[in-house]
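Chain IDs A, B and C follow the sequence of writing; residue 1 opens each chain.
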Amino acid sequence: MLLTLDLLGICVFAISGGLVAVRNQLDILGVVVLAMATGLGGGVIRDVLIGAVPPPGVEDWRYLAVPALAGLATFAWHPALGRLERVVNVFDAAGLGMFCVAGALKAHEFGLGPVPSAALGMLTGVGGGVIRDLLAGRVPVVLRSGELYAIPALAGAAVAATGVELGLSPEVIVGPAVVLTTGWRLMAIRRGWRAPAPRVVSQD
Amino acid sequence: MLLTLDLLGICVFAISGGLVAVRNQLDILGVVVLAMATGLGGGVIRDVLIGAVPPPGVEDWRYLAVPALAGLATFAWHPALGRLERVVNVFDAAGLGMFCVAGALKAHEFGLGPVPSAALGMLTGVGGGVIRDLLAGRVPVVLRSGELYAIPALAGAAVAATGVELGLSPEVIVGPAVVLTTGWRLMAIRRGWRAPAPRVVSQD
Amino acid sequence: MLLTLDLLGICVFAISGGLVAVRNQLDILGVVVLAMATGLGGGVIRDVLIGAVPPPGVEDWRYLAVPALAGLATFAWHPALGRLERVVNVFDAAGLGMFCVAGALKAHEFGLGPVPSAALGMLTGVGGGVIRDLLAGRVPVVLRSGELYAIPALAGAAVAATGVELGLSPEVIVGPAVVLTTGWRLMAIRRGWRAPAPRVVSQD
């Protein structure tokens, strides 16, 4: 069950990576690699940082096969997938919610306190997209756009990390934390909520 | 005491990351993330490479709070901070000295020889800035500019690594090594010393 | 013997990194760092992912000295080296073959199955070049160009990983696997074989 959810999240993220690769005119290998890096990157960074090596994203062939196939599918059917942007956005918000909550819980399992667990949870959620954008030669969307993406991720991860710290069982926490992240993200897309940007200053 | 110095270095580096983020018109989250990546990046890379995971930069909430707050402060007061460029440069040179010497000593503690310890010390000093520039979408300043930045860092790290290898106590070495790096860096800024660039060749 | 081959591969990759740095007008430190990152990057990433830290590329001074010297040599004699592009290409194909096969065998030694070992072998072969291109501020050639580079690397790594999984001794497998990668890569350069690119679609 958990594995299925995890692989679903990887698959959705991989499609987003594949679409960026197609738009940047990368070749078939580039599409597959970008799909894999986007799907697996966040979890692999988290696992390297907490010492959980080799990460499942490297050791388990299913974690490699799912984003590779998602990348090949994106290469083949990208015009159709591109038109499904709204659907992809919904899945992406769901993937973000699952990743950041699962990341925070795994960091807690490895003995980290609530603040680091929340930070690593957010990193799990946004890390794949950051790697995707670096490989595609652009400033990471999550940093740049003013879109509310990482802040909902941090909120869900913080709720999950605080909850397990207070002794609640993960089963109780996962639901509300995922709903918080995914719901906030979907509302932000729908209503056009944006994160504050720095005041522009004249160069003096 | 050591912790205070370390956090001060992280704070200064974080401000430099936040200023780059503001200049690139990233949003508030981007400013905070770039501040954290710049402040913590060098040490985290070193710790991952020597197997010291989870790194303090991930596990200890103070290491997360300091650059996050520095990023928020940069977001709020960047016009004032930007005018303090000279002061920031001095602190940055001090941070560079502390980071590369501390990095070399930590690598030595983990059993590495003098050459790798010196290399990892330099990496600790410049790694955060490299990550900052990659995330901001520009070629790392340390590679590009001809500015004497990494060479003083390597010199200080090499002095520290050689010293402990010869059996000197860290307390004796830290001072001269930091002064070498920081002083050389400050002189390079003041006098405009530059690293040699390749001869330009016509494309034949 | 194995060490010599490994260092030779690192040297060739380092020269390719140094040449990219020279063409991007980086300074002497940039040339050396890019040479080292290109020569050592693939192996270091693999070692971090399988938990083999500190990696030889960090711990062993010879692994640091060879690409550093190659970088300095490139800085000094880049016009001559640039004219030897064909020779560099042959060496690069040989280095690619050795790296991806050695990477797959090392991953197998650390207990990974055939699919992850093949993937890590490919990553060992192409990782250095990806880091080189990111630091030089361009989309990684291996993703972008349509050149057959990563696919031959994956093929050789897959042959090596499957072979050891089936119980063949590494001595038997290394030869054919390296020849497969290197030969395919050389043929692709010579005949202009290219990887398929996505169909261009009008933005609708």
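Keep in mind that, in the parts below, a residue touches a chain if its C-beta (ideal position, glycine included) is under 8 Å from a C-beta of that chain, and two chains touch if they have at least 3 such contacts.
None of the values given here were measured: they were computed from a predicted structure.
K.L.:
Should the pattern of chain-chain touching be classed as line, ring, star, complete or other?
P.N.:
Here the contact pattern is complete, since every chain touches every other one.
K.L.:
To test your reading of the model: what rotation angle superimposes chain A on chain C by C-alpha positions, in degrees to the nearest 5?
P.N.:
Nearest-5 rotation angle for the superposition: 120 degrees.
K.L.:
With over half of the numbers shared counting as same, classify the chain A/chain B interface as same or different.
P.N.:
Under half shared, hence different.
K.L.:
Chain A to chain B: how many Å between their CA centres?
P.N.:
Going by mean C-alpha positions, chain A sits 28 Å from chain B.
K.L.:
If I count partner chains per residue in chain B, which residues reach a count of at least 2?
P.N.:
48, 134
K.L.:
For chain C, which residues are in contact with chain A within the complex?
P.N.:
Per the touch definition, chain C meets chain A at residues 48-51, 110, 112-113, 115-116, 119-120, 130, 134, 138-140, 142-146, 149-151, 194-201, 204.
K.L.:
Within the complex, which stretch of chain B touches chain A?
P.N.:
Those residues of chain B that touch chain A are 21-22, 24-31, 33-34, 44, 48, 53-55, 58-61, 64-65, 75, 78-79, 82-83, 134-137.
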